[in-house]
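Input: structures, listed below.
What follows is a pair of complexes built around chain A, which joins chain B in one and chain C in the other.
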Partner chain A sequence: MDLLIARIIDGLNNGVIYAFLALALVCVYRSTKHLNLAQGEMAMFSAFIAFAFTQAGVPVVFAILLAVAAGAIGGGLIERVLVRPLGNDADYSILLVGIGVFLALNAGAGLIWGGEPLAFPNVLPSGPDDYFSVFGGRLRYQQLLMMVLLGLVLASVFALFKYTKLGLAMRTATSNPESAKLLGIRVNRINALGWIMAGAVGGLLGPLVAPSTTLTTFMMFSYLIYASAAATLGGFDSPGGAVVAGLIIGVLESLVGGYVSFIGSDLKLAVAFVLLLAVLMVKPSGLFGSKRVERV
Partner chain B sequence: MALPITVQEGSVQHRGLNLGRVVLVVAVILALPYIVAPYRLDQITGALILAIAAVGLNLLSGFGGQISLGHSAFFGFGAYTTGILVTSHGWSPPLAFMMGMLVCFIVGVLVGLPALRLKGMYLALVTLAVGVIFPSLVRRFESLTGGSAGLFGINFKAPDIAYFAGRTGQVVWLYYVAVVALLLACLAVWNIMRGRTGRAIVALRDNESAAIVMGVDRTVVRTVLFGISASIAGLAGGLFAVDTGILTPDSFSLLFTIYLLVAMVLGGRATYWGPIIGGFAIYFLPLWTGEITEGPAAGVVFGVLIIVMVFTLRDGVIGGLKSLGARFLVVEPCRPASSVELGEDRLMGDAEVLGPDEEPATLGEMPGSTLSATDRV
Partner chain C sequence: MSLLEIEDLYAHYGAADVLHGINLTVDRGEVVVILGANGAGKTTTMRAISGMIQRRGRVTLGGNDISKASPDEVVRLGLAQVPQGRGTIADLTVEENLRAGAHVRSDKKGIAADIARWFDTYPRLSERRKQKAGLLSGGEQQMLAVSRAMMSRPQLLLCDEPSLGLSPKLTQELFVSLSRISEEMSMAILLVEQNATMALGIADRGYLIEVGTIAESRPATELAGDDAVRAAYLGY
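Presenting the complex of A and B:
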């Protein structure tokens, strides 16, 4: 029983990370309909920026806030400089730009901060005794913080979309850019906002993950793969779906990897994707995605 | 002489130009082993192998319009099938290549089945799944694949001819094997794309619903397309196995797929020469950036270079070359016969005459589309 709880908590911890990153992917997808391959590296770079601030003597919490701001600015810049000029109908070009940003940020972080893993401080105390006991399992403070923050971010994204005029404009711009323009919505700015939100979410995630993974240039790579799976499973345009799917993938992977000896740790990733395949077979637009109806 | 020069399509000059191009390509292929150093020729072989894989990807993603992030897996299936058959079962490499292609075809069709229901991002993610799972499969089935330690000792001995003697001869031999494989792959793609099937593929890409209404069998076309594209990637994988002689799961990571995508798009999507040029670019650019800078800086330069090329060459290198070439030489297409007496067959026949660099016309711009609807019925 204890082992089961431990595995579930373990899965949730990973799931939160997938969910966070998937949320960022969804923000971008909702705005410009692209998979941002560089999302993980943007989060990684933000973590390094936070690290630089802590080195300069800024308290961790403020360093993270600065990283969030940096992430937001970075996201906005990428949209304005690299995505918008390519225009609509440039799927492959933007995929390539994502790859370019990915490689440049990855190598850039290595260039500035070196290839060695760095230690990043926790926000909350993280001694051996700093945990909540949940049915005998250990939920560490930092991990609890991430879950709470994930909930807050999701709630505010949801509230933004549902209850504000800006959110309505964002939904309009997603569902029909042409009509939105005719209604006087500045679709370009709205799209930029999606990238800014994604950058900020990544900027929050990076420094929070860094203590457990240690700060390296490749810390986000496998998370990006899981996050894309989570975003797809959830339905790519649904923030709530992305979060739920992220948590499901995390827990399921941990349980299957733990209990089915054939799978072991090697095929954990495969579990996530087989689940993805199975769901897409039944629901081609994910668990919570909106169906697209096409006119001939 | 006033530029650009205009040449009538199908005229003697035009045919001469086309013949000249073929002669030039053949001459370069034959001359390379003599004019470059063996280590450079070895690199060219590596680039050729990448080019073959990119040609395979281009068939699916460029002409077919289906993004695949899983071609590293097909490449890997080909490589490991060849590797295992050659080392453990003593097969001769050409037979092993074919077996690898067959395995890839089957896997490709299997992956293509779920792809029927999915589009865009969702399809990309399913193929990504295949690509991501492959290295873990290799690690899991260690007894068969050698796992993380790698599979060693795969080689393709040159036949006993003086020309291919010694270490240099072996390099030249593999170079020619890669050249022949690339030619075969291009020929296959060219043959598929210039006929009825090719038009069906392009129609499905441009407007799926309309294509189905017109009688294109989506299930067959899409799955077979997936299979053929995968088996071309598998052929490249088999060559990779005999060329490097050692296979590790890390060679077939997501990064490889990404490189292939870059190769295809940078070279020129849905063109015949694009993926080849892209394959060379993606092989030599990192080498080159690695030479002029050191360590991580090379990665930054490479990344920035990709972005710059996306912005300067919107239609890939081929698109850039074409618009450059159009300043000097314009090939005036011969007018499609406009009289209706010739009938539908004649018109469609004209549509098939395409230069090696041209994409088959999309539905909207078929020659003869100036005819009114009643004329066509």
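Presenting the complex of A and C:
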């Protein structure tokens, strides 16, 4: 029993990261209909920026807030400088821009901060005894903080889309950009806003993940793969779905990896994808995604 | 001065010139129809007015120069468009479609009153207010397109082929309702339509457009009685 709880909590620890990153992917998708392949690297770069601020003597909480701001500005700049000039029908070009930004941020971080792993401070105390005991499992403070923040971000994103005029404009712009323009919606601004939100969420996530992974240029690689899987599993247009799917994948891979000996830790990633394939065969739009229906 | 004044409007797609100097006016409260064959430039004229494509020439709406304005500026100056193919926002519910139509407004009470008004006008939309708009039938989507455009409280409504894909009966209903909107709200409508009989039935004046140029406008009744027009557009 104790082992089960420990494995679930272990799974949640990773799942919360998948969920966070998946939520950022959904933010971009819901406002621009694009998959942002550079999402993980944006989070990684933000973590380095936060690191630079802590090195300059800024307390870690403020360093993270500054990283969030930097992420937002960076996201906006990417949209304005690299994405917008490509026009409205540039789906594949924008996918390639994502790869380009991925490589540029990765190489840039390596160039500025070097390839050696760096230690990034936790926000909350993280000594051997700093955890909540949950049925014998150890829920560390930092992990709990991430879960709370994830919940807050999810609630704000949900409220934005569901209850605000801006959210309605964002949904209109993705559903039918031409009609949105004819109704007076500034579609370019909506797209920019999607990237700004994604940059900000990445800016929050990177510095929170960095203490457990250590700060390196490749810290987000595998997370992006998991997050893409989570977003697909949950439904790319559903913030709540992405979060739930991220947590499910985290827990499931921990359980399967723990109990099925031949899978162990080497084949964990495969578990996520088998699950993904199984769900998509039954429900192509994901667990919580909305199916696109249109009569003509 | 007319509500909409167009002088020497040119537009092109890539290297292909589509409009070669269109001249056209619409007065306040007036229903004007543009007749023309496929490819004559009717839809392009609409898109050039609303700023969806690059254009040259002089276009004024209520005295404001909109020849270089972006679509959202044009909407804010009082123009709404029912695009060809209805422009349904499929992932939004019927009610959200109407709400989105009021994007440029901020008077909450007025918006709620207008939504109620359009549900009143089109009870079938009211029955389906919580459904995704993509699930509506063609006729319902066209009603939604008109109501959504009207939600911005425009001075001028552009309608691009509203009868496309509708049965004769639904087309008739739609034109009756457009005519009523124009009368009750003294609303100007510029209509592009293949169904010339119906369109001339509710229009005050009509223009004939041919490969990107336009002839002088004539009263709708005169156009409907003209033998050449009858042969070319009315088919009897």
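To be clear about the criterion, the second predicted complex is superposed on the first by the 293 of 296 C-alpha atoms of A that agree within 3 Å, B and C clash if a C-alpha of one lies under 4 Å from a C-alpha of the other, contacts with A are read in each partner's own complex, and residues count from 1 in each chain.
Note that contacts are C-beta pairs under 8 Å (C-beta built on N, C-alpha and C of every residue); 3 or more make two chains touch, one makes a residue touch a chain.
Note that the structure is a prediction, hence the values are computed from the model and not measured.
Once the two complexes are laid over each other on the shared chain, residue contacts for A:Thr232 go to chain B alone; chain C is not touched.
When both complexes are overlaid on chain A, the residue A:Lys181 reaches chain C alone and has no touch with chain B. In the superposition on chain A, no contact is made by A:Ala6 with either chain B or chain C.
Contacts of A:Leu168 after superposition: chain C is touched, whereas chain B is not reached. Looking at the shared chain after the overlay, A:Phe102 reaches chain B, while chain C stays out of its contact range.
Once chain A of one complex is fitted onto chain A of the other, the partner contacts of A:Ala270 are limited to chain B, with no touch recorded for chain C.
Judged by the touch definition given at the top, the superposed model places A:Ser290 against chain C, while chain B stays out of reach. Taking chain B and chain C in turn and counting the residues of chain A each one touches, the greater count comes from B. Under the contact criterion defined above, the residues of chain A that touch both chain B in one complex and chain C in the other are 294, 296.
Every residue of chain A that touches chain C in the complex is listed here, in rising order: 165, 168-169, 171-172, 174-176, 178-186, 237, 290, 292-296. Within the complex formed with chain A, the chain B residues making contact are 67, 114, 117-119, 121-122, 124-126, 128-129, 132-133, 136-137, 139-140, 207, 209-210, 213, 254, 258, 261-262, 265-266, 269, 295-300, 302-307, 310-311, 314.
Listing the residues of chain A that touch chain B in their complex gives 29, 35, 37, 82, 85-86, 90-93, 95-97, 99-108, 110-111, 115, 225, 228-229, 232, 236, 264, 266-270, 273-274, 276-277, 280-281, 284-286, 294, 296. By the touch criterion stated above, chain C contacts chain A in their complex at residues 50, 52, 71-72, 75-76, 80-81, 83, 87-92, 96, 99-101, 103-104, 132, 134-138, 141, 148-149, 152, 165.
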